[in-house]
Amino acid sequence: MLGVGMVGHAFMGRVHSQAWRSVRAFFDVPCTPVMAAVAGRSPERVRAAAERLGWASAETDWRALLRRDDIDLIDICTPGDTHAEIAIAALEAGKHVLCEKPLANTVAEAEAMAAAAERAAARGVRAMVAFNYRRVPAVALARRLVAEGRLGAIRHIRAQYLQDWLVDPEHPLTWRLRRDKAGSGALGDIGAHIIDTAQFITGERITGVTALTETFVRERPDGDGGRGPVTVDDAALFLARTTGGALASFEATRFATGRKNALRIEINGSEGSVAFDFEAMNELWFHDATLDDAEGGFRRILATEADHPYAGAWWPPGHLLGYEHTFTHEIADLLSAIAAGADPEPSFADGLQVQRVLAAVEASAASGGGWTPVP
Amino acid sequence: MLGVGMVGHAFMGRVHSQAWRSVRAFFDVPCTPVMAAVAGRSPERVRAAAERLGWASAETDWRALLRRDDIDLIDICTPGDTHAEIAIAALEAGKHVLCEKPLANTVAEAEAMAAAAERAAARGVRAMVAFNYRRVPAVALARRLVAEGRLGAIRHIRAQYLQDWLVDPEHPLTWRLRRDKAGSGALGDIGAHIIDTAQFITGERITGVTALTETFVRERPDGDGGRGPVTVDDAALFLARTTGGALASFEATRFATGRKNALRIEINGSEGSVAFDFEAMNELWFHDATLDDAEGGFRRILATEADHPYAGAWWPPGHLLGYEHTFTHEIADLLSAIAAGADPEPSFADGLQVQRVLAAVEASAASGGGWTPVP
Amino acid sequence: MLGVGMVGHAFMGRVHSQAWRSVRAFFDVPCTPVMAAVAGRSPERVRAAAERLGWASAETDWRALLRRDDIDLIDICTPGDTHAEIAIAALEAGKHVLCEKPLANTVAEAEAMAAAAERAAARGVRAMVAFNYRRVPAVALARRLVAEGRLGAIRHIRAQYLQDWLVDPEHPLTWRLRRDKAGSGALGDIGAHIIDTAQFITGERITGVTALTETFVRERPDGDGGRGPVTVDDAALFLARTTGGALASFEATRFATGRKNALRIEINGSEGSVAFDFEAMNELWFHDATLDDAEGGFRRILATEADHPYAGAWWPPGHLLGYEHTFTHEIADLLSAIAAGADPEPSFADGLQVQRVLAAVEASAASGGGWTPVP
Amino acid sequence: MLGVGMVGHAFMGRVHSQAWRSVRAFFDVPCTPVMAAVAGRSPERVRAAAERLGWASAETDWRALLRRDDIDLIDICTPGDTHAEIAIAALEAGKHVLCEKPLANTVAEAEAMAAAAERAAARGVRAMVAFNYRRVPAVALARRLVAEGRLGAIRHIRAQYLQDWLVDPEHPLTWRLRRDKAGSGALGDIGAHIIDTAQFITGERITGVTALTETFVRERPDGDGGRGPVTVDDAALFLARTTGGALASFEATRFATGRKNALRIEINGSEGSVAFDFEAMNELWFHDATLDDAEGGFRRILATEADHPYAGAWWPPGHLLGYEHTFTHEIADLLSAIAAGADPEPSFADGLQVQRVLAAVEASAASGGGWTPVP
């Protein structure tokens, strides 16, 4: 039995709850997670969330979760400005931590968190950052193909995360548009995902960047009848080089009209290529360049076969999975790592490295696009 | 509170369990389903299933479920040869019934079931047949477009359900390949789905058919070292006319190499068309023929918007749903109908009508393809 | 040098002209075609066509072409009711013949034409029927894959030819909608193409059919202010069995709203599958079922590689071909056959066999869908 | 009558020949082009090309074309290092000029050419640079939609030109890999196309760039048994801003394994988006964001309707066009401009502006990615 306490119960809290609720029915996890408590600031809202999402109790202060003996793991589903404080306190209290991405709002916070995770690991306490897209079966299959050498030397990475929910200039000034809460805009929210996904699939790291960012709509309704300044980017584009010598391009935007959640990545290697789009998340497109030219072509692998990562735990071939399943997979892997006494991946150190790429992007954009190495 | 007892815990039992477990976290259902008991023949296996799938108790005889006061609804997830007996007994015991498709193995059984459902309805006891594909958001959206007149007069229906799991001649002779258990082969298993889906979207009924069926591999490994006869169809094709004067074609096969779960339907009307493929189940393709020719074309609607059927209950746009969600939607609708004192759809009468189409297909095929009206 | 005389200069005449004009620049043809004369009934229109399409002279009677010594080949681009008379006279006059499809409007005419072609062949005079879709590189590649055994035993053929130009009930009553001129409607015009294409790719023949046809709009504007009866089918659907034991479905319609020229064919075999859609005519989708499940999937082969049929004669990979190129390929093959003293394919005998399938479809539909063997 | 003399008869010469040969059969051009002469250095090869491609005579020195009275227009199909000399001489000799892209190998050459074109225009002599992709019907339709305001304010341009013919390290060191002949590598050859296409569709200009380039394979077989240095880029990536405030990304590479000729462009505006891929060149994907969310989606417009740019001159809807047709359209427009006494587009001034973007990209890449304004 592993008691779980979750902090936050909005979008991320809802999806994490579904994952905690489902994981044991599909995966042979080494321990049974118990949905012990959820924490939120509003007593009414957190009680309603507990009831609806299936948590046994509700707390109005996340610190209360840390004091409870029936809670072994803290699942952090709050905005980025709170991650460092909660995660470090939880780890020091001997609780395992699952923390939403991006790891933090600044490199300094992320460094402190990674250091805390390292100290905790020495005591058998584990920390994981929730880059859930690694657990899309098609993405994990792409990683496997690269690891098996099927793509050869990586030449190009072409990654985009395209959304369009800010195209309307009347969209209100929510916390995601404020630097003090969110750290950055499209860059940290969705750009962080494509950085992690690209590095995960290729096994390479970004060594430097040149970047442009833009805020197309500078003021938005503040909810009090006025307008307030948007203090984060609407879009962030950058070019990069990797440890393996690939040329890469990245784009994160909330202004790609008609694209709803298009996390796209294409990787070209000397022996083959893969392409993925989250809007068709059950498909991996694979080109095997070692075949005869006359029969070459990108093939649409429906990543629902028993041999595909995670897919065998669910339904027969062709019976699709959805967004939420990536979180179930994440939690299954986390529970396995805890039981095995191993550090789960992606670790806080991985989260810190992504944070350093984000910081390099912001520095390059601020300097007008100059080349900026990632430390 | 509504106590649920489920019969059967294989593939269908697993997916129904996930739906019962999840429905209340996403839909404002009028009552709280309680997963009271699961029934299965093997004591060990049913206990393990109860534990894993989240049922509070296990029974080794489905009749025990009918005697329990804490159970208000029987969910039938067993092969077709058992549906009539269980469903009729449950309805007579005053339990609501959710029954997997096809409703039965014969028209006679289905007639008895529909009659029992009609009697039960008079006492406020409800029955529903589980044609889950109606609850794919994209399919329900197609229905809505037709109902709004966006397609005009329906001219063509083109429906296929393509799988390939029998291509290998060494695939064993499971119950689905035996007429006594399954009633028919691809026809009843997956053909029933496209009949229901086509009729649901168009609001029209099939009036007659001309059909061909085939069993490509006549003997398969029987599990005892020998080979036994396959007594059902591997593939069934039929042409049809509908009440509205459309020409329709249907194909159900387990020999469509490379197609895993391709439930496809295209409908052409005088004002527009829709096309759907379950292997990309979050997409509906819609052509609006009233637009200027120069800007006409099939558009890919990602059926994940808040305004799309069922989709608003889940995640933001572009965050896909999967196979299992169709069952959650089905159960949400069933609970709403029970609470409202209304007959859920599709009813057992709907299931009986599909059974009559299946029987007409078999009769036509037996006669060498002659025209066979549907009563 | 090979003198060519073309009869008819409408749609088919325009595309044949482009092929005659282009063939020698791209294919190593054994003789140089000379565009000697075009024949048409209206003196003004045929002269204008000759001038524009690049024919050296114009005639107002096709018989004049047969009397000219500078003409060695007659290219018949007129409606089906004239094919038999022109083709037989041309062959008897010692002219090679290229004849548009369907070969004729009746089986009797087609039989006479095939007999004439057989007599002519004995004298070294050649005849070819213009099923141009065989010469789409992707279609020819599909044929090659089947011939190499890459698909194994053929189980299913799924062929459709979908257009929508008759959806508007005000579309006028042109010759294609009159039985006396066109023989049949969608069936002969586009159904003939999918019959030929399916048989060409698989190397199998249709042995019998069960069919439905429909005329959705029964009267149309006759051009004189009134309305006249449509005497052909708007849509024809049929199921079939083949010499190799496959189950096949065919649909030809002019009422598939939003589909412009969707000649589609999918073929499933025990070892693999292919799929094709003319609206993306440079692509062949191929599934190789002998690969490991984990990397299987339909691959999009862009049929523009040097090793693909016909493609090497044109441009580098990825530089697409269009509709008209299929005619250029057809003529290149015809010229090669003439020079080699071989019968070109598809022959008039092939055209006759397709005509017999068309007749069986009409007979089955007239009988209400009964099974009708193809002689 | 307009006499044409073509210089060069390799890939570009073959496709230009097909366009000159075909244009008058499909377009109502104001004058009849006469294929008077082709020039090439090898007497045997140029004579063979003339014979095969349909040119009335052959010359071994391009200067001979300028001296002939029967030649009114010079069509330059040679490598970039020769463009300036030939084009300027031709214009000064009073011949109209069609020049392949990129306009030149350097900005200085391009400036001289643009100046020569301006002087010539004053005398009624016209010059055009052959950015043929503007004349893809789907691309011209995209331009029309933007010009009509259907996309609103342009926010993003995402352009790629992906090929893979250099992935093999044994591909020989042809002229396209030598800076002295080609000026640059992927950048000038295919990058120039996406710069022009993006500017053409949006009507905006690139104001500055930040760029990375790479040569993955530094030495290749030189044809004499040794290996020589590759002196151009294999891939060039750059980010840009435009006059209208859009953020843009561009990538040109010959190392995108599996992509053969994927000129792709997506443009997102405040009211809608378009997307295009040359590997499916008959399709334009258009998203109209002014529609209700529930029916929004990218629609696949098959750009073969009579109302689509250029398409009406060819075949019925759904009968696709290919690569070569873009050149026929280009020549039709050129002939119309000459007859109208107007400057054709794209002009040499347009070609010069593209050259300045190419130079800025090279300067930025040389400086390690720093922001570089386009003059």
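Labels A, B, C and D are assigned to the chains in the order they are written; within every chain, residues are numbered from 1.
One rule holds in what follows: a contact is a pair of C-beta atoms (placed from the backbone, for glycine too) under 8 Å apart; a residue touches a chain by one contact, two chains touch by 3 or more.
Being a predicted model, the structure only gives us computed values, none of them experimental.
With contact taken as defined at the outset, subunit A and subunit C are each touched by B, D.
Farthest chain from subunit B, judged by C-alpha centroids: D. Subunit A and subunit D, compared by their mean Cα positions, are separated by 41 Å. Rounded to whole angstrom, the centroid-to-centroid distance between subunit B and subunit D, based on C-alpha atoms, equals 54 Å. One simple way to say how far apart two chains are is to compare their mean CA positions; for subunit C and subunit D this gives 35 Å. The residues of subunit A that reach two or more other chains are 259, 287, 296-298, 302, 317, listed in rising order. Partner subunit B is touched in their complex by these residues of subunit D: 141, 145, 286-288, 292-302, 305-308, 317. Only residues 11, 14-15, 17-18, 21-22, 24-25, 52-54, 163, 165, 259-262, 278-283, 302, 304, 314-325 of subunit B touch subunit A when the two sit together in their complex. The touching residues of subunit C, counted against subunit B in their complex, run 155-156, 158, 160, 164, 167, 210-212, 214, 216, 235, 237-239, 241, 245, 247, 249, 251, 253, 255-259, 266, 268-273, 287, 289, 296-298, 368-371.
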